[in-house]
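Provided herewith is a single structure, encoded as structure tokens, for subsequent inquiry.
Letters A, B, C and D mark the chains as written, and numbering starts fresh at 1 in each.
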Amino acid sequence: MRCAVAVLFPVVLMLVACQREERDTRPQSALGSGEQPTPVTTLEPGGQRPSPTDNKAASFEANAFHLSEGKRLFGWFNCSGCHANGGGGMGPALMDEKWIYGSSMESIHATIRDGRPNGMPSFRDKIPDDQIWELAAFVRSLSGNAPSSAAPSRNDDMMAHPSENRMPNAATLGKSP
Amino acid sequence: MKRFAPIAFATAIALFLQGCAGWQSALDPKGPAASELAWLIWFFTGLCAAVWVLVMIALALPLMMRPRERAEPLVIDADADNRKLRVVMTAIGLTAVILVGLTLLSFFANRTLAAIGSDAALTIRITGHQWWWEVRYEDATPSHILTTANEIHIPAGEPVRLLITSTDVIHSFWVPSLSGKLDLIPGHMNVLDIKADKPGVYRGQCAEFCGAQHANMGTFIIAEPREKFDAWWNDQLQPAAAPMSDEAKAGEDLFLKRPCVMCHKVGGTPAGGTVAPDLTHIASRQTLAAGTLTMSRGNLAAWIADPQGIKPGSHMPVADLSGDELNAIVAYLEGLK
Amino acid sequence: MSSADITSERDLRPEREASAKGDITPERDGPRDTGLDDASLHRWLARTWRTPPGIIGALSSVDHKVIARRYLITAFLFLCLGGLNAVVMRIQLSGPRRGLIGPDLYNQLFTMHGVTMMFLFAVPIVQATGIYLVPLMVGTRNIAFPRLNAFSYWVYVSGGLFAWVSFALSMAPDVGWFAYVPLSGPEYAPGKRADVWAQMITYTEVSSLAVAVATIVTVFKHRAPGMSLDKIPLYVWALLVTSFVVVFAMPAVMVTSTFLILDRLVGTHIFNPAEGGDALLFQHLFWFFGHPEVYIIFLPATGMVSAIIPAFARRPAFGHLGLVLSLIAVGFLSFGLWVHHMFATGLPKLGASFFTASSMMIAIPNGVQIFCWLATLWDGRPVIRTPLLFVLGFFFIFVIGGLTGVMLASVPLDLQVHDTYFVVAHFHYVLIGGSVFPLLGAAYFWFPKITGRMMSERLGRWHFWLAMVGFNAAFFPMHIVGLWGMPRRVYTYPAELGWGNINFFISAGAVLFFLSFVLFAFNLVHSALRGAPAGNNPWDAGTLEWATSSPPPSYNFARIPIVTNVEPLWAQREALPVATGLRVDVRELVVSTVAEAHPDIREKSATPSIWPLLAAIAVGGTFLYSIFTPWAIVWGAAPIAITLIGWFWPKGDPEDEE
Amino acid sequence: MNQRPAMDLSALPTFGHGPRSPTWWGTLGFMALEGTGFALAAGAYLYLATLWPNWRLSAPQPNHWPGTIVTLLLIASLIPNHILNGYAKQCAIGPVRIGMVVMSLLGIAPLVVRWFEFPALNIYWDTNAYGSMLWVLLGLHTTHLITDVGDTIVLTVLMFTHHGYSGRRFGDVGDNVFYWDFVVLTWIPIYLLIYWLPRLG
């Protein structure tokens, strides 16, 4: 038993770590496009549909490098112009647990790529697909949805809000104590 | 050891002679600061070599000349030890004198360096980014402030003041044939005065480890006669040239529609990104990607098609462009003289 | 040996002793060594001091020689790993624009090379040599705080594993061994790589600090009767000064790495200029440790040189007092030079000039040492054996490194060569010339003491010449390529700068230098198995470690020697005066006064215990967990407290009770 | 090598107090390195404080009262601490047991007040560098306080067992006294830095 744990623990650690620390900067077409039909609602007659996920979304969401790249792009592309560091302004807040169009990676990816009514522009040709995935992963981390061992830490700026790796867990967010 | 010493020296000298013509070499000074420093380097080297040879002789002599091994370790000739003590004290005294001399020498060299830029007329602000240099020519008139990247034109024979800082990590600005290096530190503003004696192109590169592409963060100082520099400066102040051919026109449209526009600026067009090098006059530069590639149509196309193959980890992403789109964008950029 | 033998010995010394204190129960007494014949004395001591059998027994060992051997082997393995890193880097750099490895791996490689060589090889191996030799040289039976010593080995080895497992997982730090912020800070170093650096550094420094304290106390309180301050061997002085430097320098790097992980993990702003922090603060703190670090590695090596030269020059070191004073001077001055690593940061000119002066000044005590050694060699023809060859190589290389160090001390000159290959050449000349060559000499010198067998002289000479040629071929041209403008820490370089040929030459030299270590490893293994038996004192040297058998018994000395000269074995050729009256049924050793080494107390040394290992596991687990969450400190406190209580709680051994 | 007995050590005592004992020197060594850590943390604080002309960075003043109470408690505890040391030197088990209990309580008391010190700083560690340094300094000292109080409590328990009545244990008590002095003395400059330096600015 102890042996099994001793063998398994490093293996598990290795798999988790590899995914978290990899730094691929070229498009990862091997993982598929990651595109899914993205419904606006999850309500369906006859019970809930399982949320669509594939390797692509997962490989971006749990990867520290991609999350931090997403954070950098969020600043560079002036997302804060409308979303104000995630707190919300002209556009909706990103730090809470309210998602108008779904909270999955795929939904956020679709939102950035195709835009949404009431102001969210489409960045389809303006941002390469992988960078959209990075942004989507970072946006999810703003509300504590990313694993804290991969989520970005604070920036070397004035502090706007607690860093993403110290966000309260998504499950407890928005529920008053 | 004795056998090896001459070989080492011969190799060293041969290698020195071969390399003195270097393009980015501290031993090939092209400005007053680097000349002062090269002299200092040679002086220190000569003195240190002499000291080293003396120590080696002192080491080799007992090995060669002493006839026999000592028999009884604790029987010591007090007179001999006293003589040795005098020699050792003299050697220590000499060491101290040499060191004081070298300290004074470096102090005065420092003062010479500080005097170089006291009357600089031109001030250039250099901001380090991962992994390129933002270059801004300061001017009292806001419309005369000029922004470019990686290549710094200066008038030859005139001192120029560089204000250097960083917005991300620490970099270090170093053009060996003109001057010593100075760090670019976020939250600090450093001042480096440089002067090139003669017109020429002097290569430099980042000298403080700054991440994935530290190796490919080159810069060039291009010293020109005053009138040529003024002409360059006036050209650079103009907005970008309008595309001449149809292909270039299509390229401009694509530039504004595709990812390029998110980060880069082209003066006179809606493209106004500030997080990547300003491309208003990119075709007038000699190199691409911070001194990594020489400027040519082929290299432009290669860089845009696969930046992550050329500079893995750099912040320029792979944009999904078709062959025609790529050609059009390259045609457009080529026209931005 | 049967227990019946022991009981029969017990009757030999029925003498009882009243305690000095009237208030406390008289000491339970046991047999003394006073009248014992050699054979029964050996039987008693061997039983009392042995490391228990079995795996648990081996893991419980507190014998300084056993632990030092483990330390030495582990450090040598890390040296090989770090050397392999270097060879891979050199292959990548052997030509311009070579595509063998990309920047991501290269940056991890050179960081791991630096971290491994500094924290997992150089400091541990000089301390390990001290752990082995200092108790023998001062004539005692074990190091002070033997369990702390065992603990520090476990901490060290797990810290090293931590770093190398991270490397295998592509999670190794890639921010340089110096890990400057902001590059290693929260914004620019995503993932856990920089956290691995921070915690691994803090953790392994715990081990260095513990060894340093144990060494200081061993030298201060466990010296053999009569070994007053002026009779302490130079090697022991060197280790003593080094340990003091460790005590005052290592906390700086722990503070630095703790600040860094606080910034990364809980969002403090210590290094964030936008919120009142400062990036240069990191450099000040780091180099306040980083410069003394060089002397931590170098000073023990000077001690080795001071031990080897007298043995082969056949006379005591010339200028013993001068050598001691210059060791102490170097130790002090090493704290006043850190800014010369920061001349390119644009500090105020006048302050920088002060550090030029102080950096130049440290050349004086180092010069004193060099001149004194030369004067020692000037009496008669030295006996040229492999250990002395490596010391001669040390002179050849280290003097170059020292002189280029003088060049780097000059602010303006430094601005041209700082962070170039010139500096890489300089510090390899200092560290390999100044520390690794003496260490290799020391390996040949003390190998007979450790294993009881001589190392092959023929292979030794081959090794020496291969190392000399390989080293100089690899590192001398780096001075030149640095002056030609090649910066450090680049994973590639363009062809048009003309650095290709010289880099190819450097890479070839590096491979040769690596091969010399392969030969050395072969010589070690071969000689350990087949070498000629050494006898107690194969070199006819004069210090106490040669008075006992090779390898030394678990109790080091059957009777504690009395010291009358700085080279006691030369002064007492016929018979060594010894002290008697120690108990043989418990681990008793002599505690003496600090200055005069008058025997003062018969103290019990700690018995073997598994708890130091368990404590190291608890502390290590806490550190590992703490790169993920600060709560690790809270959850880790309980196991740490339990293992520490287990460690210190008396088990009813006589050693604990009195 | 031949041996010649020349000295008899059998009359030596088997334990010593204070600087005679190696443990005392070991404790001193750890104090030196921990003291260096304190000094460097304080140095870092002063470095940042002199770097920024508007230091305290518009943060509110800390409330010094909890800190002052801790200071008074710590200074007061030095008296029983040294009385305990005297008994330990005399190897008087009864008074030493009482003294250890007293010292455990006098260790816990400032720890309880310390709990209220953190909110009294009136700033969080992640607000700005001033807040970070305050928390670091206070945290560093609190770590020492906790470990030493833990050590004292364990030793107190030990003194009540049958292991307590031995020379080595009395030496341990002496070293514990010594270390407590260190914990108290390092607090004074940190107290001044945290609560009184910001009042100057």
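Convention: a residue touches a chain if its C-beta (ideal position, glycine included) is under 8 Å from a C-beta of that chain, and two chains touch if they have at least 3 such contacts.
These numbers come from a predicted model, not from an experiment.
Of the two chain pairs examined here, B-C and A-C, it is B-C that is joined by more C-beta pairs in contact.
Distance from the chain B centre to the chain C centre is 38 Å, each centre being the mean of its Cα atoms.
Rounded to whole angstrom, the centroid-to-centroid distance between chain A and chain C, based on C-alpha atoms, equals 47 Å. Between the CA-based centres of chain C and chain D the separation comes to 30 Å, rounded to the whole angstrom. Work out the mean CA point of chain A and of chain B, and you get 40 Å between them. For chain A, residues touching at least two other chains, in rising order: 23, 154, 156, 159, 162. Those residues of chain D in touch with two or more other chains are numbered 126-128. Contact of a single residue of chain C with at least two other chains is seen at positions 104, 182, 187, 266-267, 269, 272-275, 278. In summary, the structure contains touching chain pairs A-B, A-C, A-D, B-C, C-D. Within the complex formed with chain C, the residues of chain A that make contact are 10, 13-14, 17-18, 20-23, 64-65, 67-69, 148-150, 152-159, 162-163, 165-166.
Residues of chain A that touch chain B in their complex: 23, 25-27, 72, 76-77, 125-131, 156. Note for the complex: chain C touches chain D at residues 15, 17, 19-21, 23-25, 27, 32, 34, 144-145, 148, 209, 212-214, 216-217, 220-222, 225, 247-248, 250-252, 254-255, 259, 262, 266-270, 272, 275-278, 281, 284-285, 288, 536-537, 547, 558-560, 562, 569, 574-582, 590-591, 593-594, 599-604, 641, 645, 648-650, 652, 656-658.
Those residues of chain C whose C-beta lies close enough to touch chain A in the complex are 104, 165-166, 168-171, 182, 185-187, 190-193, 263-267, 269, 271-275, 628-629. Taken together, the chain D residues at the contact with chain A in this complex read 126-128.
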